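The next part holds the structures, each set out as C-alpha cells.
Note that chain A is present in both complexes that follow, paired respectively with chain B and with chain C.
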Partner chain A sequence: MTRARTRHGGLVAWAFAAPALLVYFTFLVYPALSSLWFSFTDWDGLSPGYNVVGLQNYASMVDDPVVVRAALNNLIWAVVTVVVPVVLGLVLAVLLNGKVRGKPLLRLVFYTPAVLPLVSVASIWGWLYNPEYGAINAFLRSAGLDGLAQPWLGQDSTALGATMVAAIWLRVGFPMLLYLAALQGINPDLYEAATVDGAGRWQQFWHITMPGLRPAHYVVIALSVIDSFKVFDLIYAMTYGGPGTATQVMGTWMYFNVFQYNQAGYGTAIAVVITVVAIAVSIPYVRSQTREHAA
Partner chain B sequence: MTVDRRRFLQLTGGAALATGLAACTGTGGGETASQNAKTLRLFTYEDNATIELLRTQVKTFDAQNGTTTTVDSLPGSGAAVYPDKLRTELLGGKGPDVWRIWGGQIGAPFVKAKQAMDLSAYYSKFGWDAKLNQAAVAGMTFDGVKGGLPFIALGIGGWYRKAAFTKAGISKPPSSYGELEEANAKLVASGVTPLGTGGKYGWHVMRLFEYLLEVSAGPELHDKLLTGDESWDRPEVVTAFTNFKKWQDQKWMPTGAVGLDPADVELWYVQGKSAYTITGPWTEAQGIQSGGKKSADFGVFAFPTGHEPARHSGFVEGYMINAKSGNPDMSAALLDFLIKPETQKALKITASVVAGAEPDQATLPLSYEWAQGPGQQPFYTIQDQAFPKKEADQYFAVQSDVLQGKTNPAQAAKKMQDVVKAWKK
Partner chain C sequence: MTTVVLPEGAVESGEEAVNKKPRGGVGSTVLMTIAALVWISPLVLLVITAVRPLSDFVAQGPLSWPGTFTMQNFSDAWGIGNFATTYRNSTLLLILKVPLGVFVSAMLAYALAKLRIRFGAAIMYTVFLGLTIPIYITIVPVFVMARSAGLTDSLIGLIGPYLAFGIPFEVLVLQSFIRQIPDEIVEAARIDGAGAWRIFLTIVLPLSAPALVTVLILDAVATWNEFLFALILLNSDAHKTIPVGLLNFQGQFSNNSTGLAAGILIAVVPILVAYTFLQRWIVGGLTAGASKG
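Entry: the complex of A and B
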C-alpha cells in the first residue's frame, strides 16, 4: 500500500517536473552535449561536414599563447572584480545602514550602474577613457598632471586595468544591496548590549556585523566569482580583446575562434574548459546552499 | 491505463529526445531560407543614410515581380561584426536569401562552406560579366567559383578638411611621401592631429600601415607579400614598420590610436578634430553631407606612393545568394535588378562597378572627382580582406606591439613572416 502510494506520488512528481525537464534537456543539456561533441572535431562552424580529431583541440590549447594570456587575465579579473566590489559593497552597505542623510537617494545612485546595459557602460567608459577628449585625461591635464594622462584602452599596460575599473563601478551595487538586506536581519539589541559592555564600533563590526553577514558572504562571493569567470561583454565592447590580444579572456577568445576564425571545434573546446572551471568554482556555493536547505 | 516509472520515463525521455533532435535539425541549417517562392529576405549593413534608398528600390522590384522582400540591416557593424551575425543566421537555418558581403577573405568562408551559391549559371543567364568591371568580379570569385556578384569597388584615399590645410600653410595635397611627412609636421605645429584614425577592431590603423608598405615595397613586392610568395622578413617591411612607429611618435595620429573606435575617429576630420582621415567615397554622403557640411569645404587625394602604377588600397563588396534559398531564381533576378545602372544611381552608390553608374557630379562632387581620378588606378587588396580573419588579427597585434614599442620593426617583420608562413602551411 505504502509502496504503491510512493510509486504513484513519484509519477505525479515526475509529471510536474516533466515540462521543466523537457526545457532543461532541450535548451541546456542537449546543446551542452553537442558542444562537447564538437570540441572533439575540426568543424569550421559553417560547413556541413567535419572530422573527429579526438583530444587535439585540447592539446592545442596548451601551445596557444593567447589561451595562456586569456586564462591569466581571467584569473586577475576574477580576483580584482570580486574582492574590490565585495569590500566596497560591504563598506557602502554598512555606511548606508546607519543614520545618513539622503539614504534612499544614495542607495539609488550606487545601485544604478548595476541595472545599466553593459554596452551602455562600455560606451560611457569608452568616452571617459578617450585619450584625446575623454573626461579622465581632461581632468588630469587641468590638474597639471599631464604625465598621468594615458591612452587607457590603447596600451597593454593599462587596458585590462581600465576595463576592470568599469567592471568594479558596475558591480559594486549588487553586493551593496545584498549586504544591506542582510544587515536589516541582524538584531539591533546585539549592538545595544555590546555598547553597554563597552565594545567599540570596530569590535562591534568584527564580532556582530561580520558573523551576522555570513550567509550573505556566501551568496555574494559565490555569485561574483561565477560571474567573473563568465566575463565577455564588457571586454568585447570596450577593447574587443585588444590592443592586440592584451585583454583577451577565455570567453572572448572562445568567441573569436568559433565565430570569426572558423575554428568552431577549437572554440568549443575552450567553452568546455570555461564551463568546467565555472562548475568547479560553483560547487562550494551549491553545496552550502544544499546543506542550508537540508538543515 | 497503468503507467509505471519506467514507462513514464520512456515516454518523457522519448519526447525530450524528439524535441532535441528537432532542435538539432533546426539549428543544423537543414531548412531553406525562404520556402515561399514569392518571399525573399535581403540582409545588408546599410546605415541610416542609405537603407531607405535600398528599401525603395526593393519595393520597385517587388511591384514588378509580385514578390515580398524583407530588407534587414545591421548598420555600422563593419567587417568585424556583420559576418558573425550572418553566420549565426545561416547556422540557425533561417538565413537570408540574399546578403551583402565584402570580397576577399571575408566572403570566402561562405563560399568555401557552400553556404553561398555558385552564381556561374546566373552570370551566363543575365550576362553579368559584360556589365561589370572584371577586376571586381575577380574579387568575388573564390577558388574559381563565382560566389558573389560585386557592385562596389571602393578605393581608400585621404579625405581632408581644407580649412585645416590652409591654417597649417599647406596649399595643395602632398604629391610625394616626403611632402606628406612635411604636411603632417605643419599640421601638428598648427595644433591639429593630422590623421584621424582608430585601431579598435584593427582595420583603420591597418589602412595607414598598408599604405606605408606600398611606399616602401612597391606594387609587385607588396602583392607577393600579401600572397605569401615573398618573405616578410626583409628591409622593405622593416622600413614600413619604422615609418609606422614614426607616425605615432611624431603625433601624426591620435595618442593611443590602437584603442580608439574607428567609427568615432573617422569623422574627426569633419568635426574639426583632425585634418584628414583614410577612408572611401562613402564618407562624402555619410560623413560630410549627413553632418550638414558642404562638399566644397573638403577635398580628397590619393596617398602618394612614388611608384607606378600609383595604387591605393581598395576592396570589393557584392551580394551572395543562399545555397539553401527557396527561390534562387528570384533572388538572382533581384540581384540583376540591383545592379542596373538606374538602380545603382538611385542608391547613390559612389563607387559602382556597373558600367554607366558613375557617381553624380552635382550631388557627390568629391566622389565623382575620386572616381574620375585615383579611382581609375588599380588598387591593392585591403589587408583585412587579403588575410583570413585569424591571420589579420595577428597582423594587427604585431602592429599594435610596434606602436607601443613592445616590438621593434625588425622583430615585427620576423613575426609577420611567422604568421604568413603558418597560414600558407
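Entry: the complex of A and C
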C-alpha cells in the first residue's frame, strides 16, 4: 500500500480520506489522548484550572479497594462472558449446521437479544430477577424450590453472576453466527471420507470440525474479549455498580468518580488503565486484520 | 475473514445444502427447539405481562396466562415514559447520523482500497485500533468539548462522537468489499475520462450496494441503542433518546411490572421488527465484517 504515488493516489486520495479521518481524530483519537493527559492531573471536572500531579492518580488506585474489586470483576466478566457464549455458540452452530428443521427461525431466536438496546436488556433482566414479582423466583417457587428464591441482584453473593447471565443471554448469538458461517466453509467430503474410514462423530468433530474452525476461533475470541472490556451499559442500568460495590467494573467506577465524586483526573486514570489492557490484548487482532486487508 | 462475500451469499448457500435432507435430525430438532424456547422466554413473558392488568398479574403471578387482556399499559407507559419525545429524538439522530457516517466511511474505504493512498496500512491500523477503544476513555474530553461548543444537551453534540465510533467498523467492512471490485472496471471509467469523484459516485457506490445496506442497518442499530454518550451529554427530558428515556422510565415503574413490560416493549419493538425483516443483511454483515457494530 505504501507504493510510490500513482496517478490515482496523491491529493485526491487524501481528499477522500479526509472527512472520516478528521472526525475520527477529533472525536476518538484526540479525546482518548486527552484523557491520558487528564489522568496526570488532579482536575475535578468543573474548575477552570488543575495541577499536574504526575502518577499520583495511578498510585492511589492501588489503595482504592473499589478499584481492586472492579478490576477483579472485569477479569471475571471477561472470562465468563467470553468462554460461556463462545462454547454455547459453538454447540448451537454445530447443531444448527446438522440436520435440524426450522433453522432460519432458530438462528433468528438466538441472535435476537443481541440487537436490543443494552438498557432494555438490563430492564428485562432486572424485572425477571425482581424478588417479589420476578419470573425467576416465581418459577423456583412453583417448582417447590422456595429455598432458592432470593434477591438475585440485591445481594453480594449473586449480583455479579446475575448480571453475567444477562450478558450471556445476549452474547451467544454472535459466536453462533460466525461459527455457522465458518462451518459452511468446511468441505463436506472430509466428513464423508472420515465416515468411510470409520471415524465416529466425536472424532470427526475433533479432527475435522475444530481444525477447520481455527480462523473462526481466533476472530470470535478476539472480538468477544474486546467487547468484554467495554462493559458499562448493562451494569450501570441493572445494578448501578451495587449492591455496595459488588458489581462495579472499571468503566462504571470511572464514571462515578468523574460525574458523581468530581474526580475527573482519577476517573480518567482508571479508564486509561483498562483501555491500555484492552488495546494490549487486541493488538495481535488489529495487526492481523490490517495485514489481511492491506495485502 | 480473508475475503468478504455478498452478505447473503455465504449464509443462504449453506442452508440449501442442509435443507437437502429435511427429514431426520429429530433429536437435534427437539433439543434446539427447547433451547430456543428457553432463550426467547424472557421476551415472551414480557409480551404476556404487558397485555394484562396489574391486578391480574399480582393475583396470578408472572408465569400464568392472563385472565383478562388490556392495552391500557401501553398508553400509560407511552405517556409517562415520554416516548413520543424520545422516539422523535432517536429517529432524528438516526437520520442525521447514519447516512452521513456511512458516506464518509465509504469515501475513506475507497481511498484505502482503490486510490493507493500513501501510508494506507498505517491509516488502516489506526482506524481498526478504534474497534478496541472503550467509549468511556473519551467521555471526559468529549464532554469538555461539547460544553465549550455549547452543544451539551443537544442531539447535534452527539453526532461527532457517534460518527467517530462508527467509522472503524464501517471502514473495515466497506474497504474489503470495495477492494473486490475489479480494477478493470475502475480503469475503464478512468480512460473514458471519469474523475475519482465520479468513479466513486457512479461505479463504486452502486457496486457496493449490498455492503452499504448492511453497514447502514448495523450502524442504525448501534445508533439507536447507544447509551453512554447520550447519558452524559443530554440532561433535559426534551432531548433524551430511547435508551436514556427507558432508564428513567425503569426507575419510575419498578413496582408496576405490567407498565414496565409495556414500556420496555415500546422501546424495543422497532428494533425487533427491523431485525426480523432485515436479519439476512445483519447476519451477512456480521459474518463478513466479523465485528459487532
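What we mean here is this: the second predicted complex is superposed on the first by the 265 of 295 C-alpha atoms of A that agree within 3 Å, B and C clash if a C-alpha of one lies under 4 Å from a C-alpha of the other, contacts with A are read in each partner's own complex, and residues count from 1 in each chain.
By definition in this document, a residue touches a chain if its C-beta (ideal position, glycine included) is under 8 Å from a C-beta of that chain, and two chains touch if they have at least 3 such contacts.
In this text, all values refer to a predicted model and were calculated from it rather than measured experimentally.
In the three-chain model built by superposing on chain A, chain B clashes with chain C. Contacts of A:Leu21 after superposition: both chain B and chain C are touched.
In the superposition on chain A, no contact is made by A:Thr163 with either chain B or chain C.
Residue contacts after overlaying the shared chain place A:Thr209 against neither chain B nor chain C.
Of the two partner chains placed around the shared chain by superposition, chain B and chain C are both touched by A:Asn130. By the touch criterion defined above, A:Gln263 lies against chain B but remains apart from chain C after alignment on the C-alpha atoms of chain A.
Once the two complexes are overlaid on the shared chain, A:Gly45 sits against chain B and chain C alike. Of the two partner chains placed around the shared chain by superposition, chain B and chain C are both touched by A:Ser34.
With both structures placed on the common chain, the touch criterion links A:Asn57 to neither chain B nor chain C.
In the superposed model, C is the one of chain B and chain C that contacts more residues of chain A.
Of the two partner chains, chain C is the only one touched by A:Leu96; chain B is not. Once both structures are placed on chain A, chain A residues 10, 14, 21, 26-27, 30, 34, 45, 126, 130, 133, 259 are touched by chain B and, in the other complex, by chain C. Those residues of chain A whose C-beta lies close enough to touch chain B in the complex are 7, 10-11, 14-15, 18, 21-22, 25-27, 30, 34, 44-48, 126, 129-133, 150-156, 159, 239-240, 242-246, 256, 259-263. For chain A in complex with chain C, the residues that touch the partner chain are 1-3, 5-6, 8-10, 12-14, 16-17, 19-21, 23-24, 26-32, 34-35, 38, 45, 92, 95-120, 122-128, 130, 133-135, 138-139, 142, 169, 172, 174, 177-178, 180-181, 183-185, 188, 215, 219, 223, 226-227, 229-230, 232-233, 236-237, 251, 254-255, 258-259, 264, 267-268, 271-272, 274-275, 278-279, 282, 285-287, 289-290, 292-294. The touching residues of chain B, counted against chain A in their complex, run 3-5, 8-9, 12, 15-16, 19-20, 23-24, 28-29, 80, 83-84, 87-88, 90-91, 109-110, 112-115, 193, 199-202, 254-261, 273, 388-390, 393, 396-398, 400-401, 404, 406.
Chain C makes touch with chain A in their complex at residues 1-2, 10-11, 13-15, 17-19, 21-25, 28-29, 31-33, 35-36, 39-40, 42-43, 45-46, 57-58, 61-63, 104-105, 107-108, 110-112, 114-121, 123-142, 145, 160-161, 163-165, 167-168, 171-172, 175-176, 179, 190, 196, 200, 221, 224-225, 227-228, 231-232, 242-244, 246-247, 250, 255, 257, 260-261, 263-264, 267-268, 271-272, 275-276, 279, 282-283, 286-287, 290-292.
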